[in-house]
């Protein structure tokens, strides 16, 4: 038993992992501050998405700036099915996953032929294009989006069916569940032949091909798994925030946030994105709250594509923007001095 | 089975106005070691790329074990039993030597444990067993060449295409490499070998194919090729004082 | 008649895109880096011209060349301080370096100059006129001509001057260029400087009629990236024609459907071309 506890999962002893996750599980039962609870929920949610992104971006080395699409598919499917058909959000999950898998195949098949910068840019253009489509799609609420009717559930099962809980606790454990799911999925893949093929593809694609690795197929598998987990996170997000609109879902902004978390934390590693999320999300939320002030968002006044809209959003933040300034500076410094991310400071990564 | 293991017929490829390979035809019988020689730019590596599916030929035929495989993608061809190494080495830099070779073994199926055992065997065969925990980017050129061979070997090929294994390797290491190729043949692998070093080829190959400007100029036993007037003129000519 | 107007407007917009795209393509061709912050240098030039006008009354057409010179040195500085150090790093690190730069410059502009939109209402380039029923806006025509001139000058620089040929050599084969005595570090710095100077001219010309704000650069840069991807990264002429095509497609698409869809046509065109030619029409790996 003690030998097992001493074993390390990517540098971290099992004992430490148990302690950390126990703390995470017990945290909401010990304190009741809603702001911090919200921050931890968002950290776990983004952590899950960062880990999922890492399957494609870190293991397989295919850097995509388009994961906001899958997040949005989860969110919009849940919201739309609920509003239009009264379908329980949990039941919308299989539909959302089916859609996201289809999208992954449609996007992956042509773009995985591209390499390097070309692939990254293709993902940017597709993301921006989708933003334009969704922002103009009346059935999905166009730029305004879809708002959930608030539902006061009677009892736990009723709340589960409608996906709306009165307190934050169920959401907390939902996010924790997603976080653990993502980490487990990543770890299982990382240690499997599939994971080794992905790394081989990342390191030297032609060599992998010559050794019998079906490069196109495995890239696609990685994308499908990565997209599916991200979609689940999108469904969760919709039920948590009860308001789904393009800029916070199918936008380049969200894609970049997911990426940054994985890369700043430590690309290609198990714990990197988790670490990145728990550093970046609290920092961003705090900076946003204290430096930029509260911003009343005028949706209809926003024009242009996703990234532009986001930047406008921040532009209207009055004398603020120090948070983006800091963000940009940190990114530059990391790129310049420690591309291995925060984890690179903590331990030597190859 | 009877019949040659590899058959190439009329293989051609143009890049712009230049023929990289022009109407190349020859065969490799099971258990043979065939050498592919020729001056720089003769189209040897391009021929490898055409055979292994990295480049599509403009015309011509490739047959492996009797089945037509022209233009087949490299990974599918590998599953049929054709493996190759690269002239410009392509190790997986951040993977260890063992992990590098495991990739080759894993693509054949079976789990991680079987792949690890297979990798250790292949590494031992090429004499890299003591380096198996070292990252590929930490290996010397000669070691990387042997790693590529081990990796290709792990795919259990029937035919192995070796591209310039002695290039950039110091003189004392060459006999070891020659012996290694001999061991590969003993393992039952048929070999098609691109080589620059004439001495290596003469000692190693059963037959030699001589390429020049993309076309096959001569084919035969090593001694025949060495005495072939065109080969002498083009390849060895200057030293003989002629031309 | 309406087609003629749409084509004309598209051409002028396309020329501005071409200018932005050419600078992008130059940097990528020489050192394999996609400069995500490219549009921000255009924005800085716009502000330069604005303040030259509001503080000293200098006409933007006069301050545009000045802006180009200033931005040349800014480009060299950015190269020396940041880019040079990520040349050997992974693609992800390089992407991050220029993306962080984008955020930083834009947030700084927001911080110092606020988000309010400025404009330069009076300029030597003003007025409008009609020829054969086609409506021409003075500032836009001048901007288009200026862009054309600059594109021509850039082309001449790359293909007819010694420095330009050296740049091509470094782009083609860095090791061979070094063997020939070409200092690649100096060439990289020059590439950055020229790229920023070219895009600064675009910014200066735009400042005569386009709204100046911290976001202006991004608005022009995004379609320009598509233009470069279509034309082929590394090809200056490809970027030029890519820009023209994108300008026309965007204007026509937006006109015949709705302005909010105009970018969709751009991305759609990109997808079509990339399925057929993954590396662009004139591109190389």
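Per-chain residue numbering starts at 1, and chain names A, B and C are given in the order in which the chains are listed.
Basically, a residue touches a chain if its C-beta (ideal position, glycine included) is under 8 Å from a C-beta of that chain, and two chains touch if they have at least 3 such contacts.
Note that the structure is a prediction, hence the values are computed from the model and not measured.
Asks: If each protein chain is taken as a node and each touching pair as an edge, is the resulting graph a line, ring, star, complete or other?
Replies: Drawn as a graph, the chains make an open path, so a line.
Asks: Counting only C-alpha atoms to place each centre, which chain is farthest from chain C?
Replies: Checked the centroid distances; the maximum from chain C is B.
Asks: Distance-wise, how many Å sit between the C-alpha centres of chain A and chain B, to the nearest whole number?
Replies: Each chain reduced to its C-alpha mean, chain A and chain B end up 45 Å apart.
Asks: How many angstrom lie between the CA centroids of chain B and chain C, rounded to a whole number?
Replies: Computed value for the inter-centroid distance: 47 Å.
Asks: Any idea how many Å lie between the Cα centroids of chain A and chain C?
Replies: 32
Asks: What positions in chain C touch 2 or more of the other chains?
Replies: Nothing qualifies.
Asks: So which stretches of chain A touch two or more other chains?
Replies: none
Asks: Going by the contact rule set out above, which residues of chain A touch chain C in the complex?
Replies: So the residues of chain A touching chain C come out as 63, 110-111, 113-118, 120-122, 124-126, 128-129, 132-133, 135-136, 256, 263, 267, 303-305, 307-308, 311-312, 314-316, 319-322, 324-325, 327-336, 339.
Asks: Using the touch definition up top, name the residues of chain B that touch chain A in the complex.
Replies: 52, 54, 73-75, 78-79, 83-84, 86, 90-95, 99, 102-104, 106-108, 111-112, 115, 135, 151-152, 154-155
Asks: Report the residues of chain A in contact with chain B in the complex, numbered from low to high.
Replies: 191-193, 196-197, 199-200, 203-204, 206-215, 350
Asks: For the complex, give me every residue of chain C touching chain A.
Replies: 28, 32, 34, 82, 85-86, 89-97, 99-108, 110-111, 114-115, 213-215, 218-219, 222, 225-226, 229, 233, 258, 260-261, 263-264, 267-268, 270-271, 274-275, 278-279, 285
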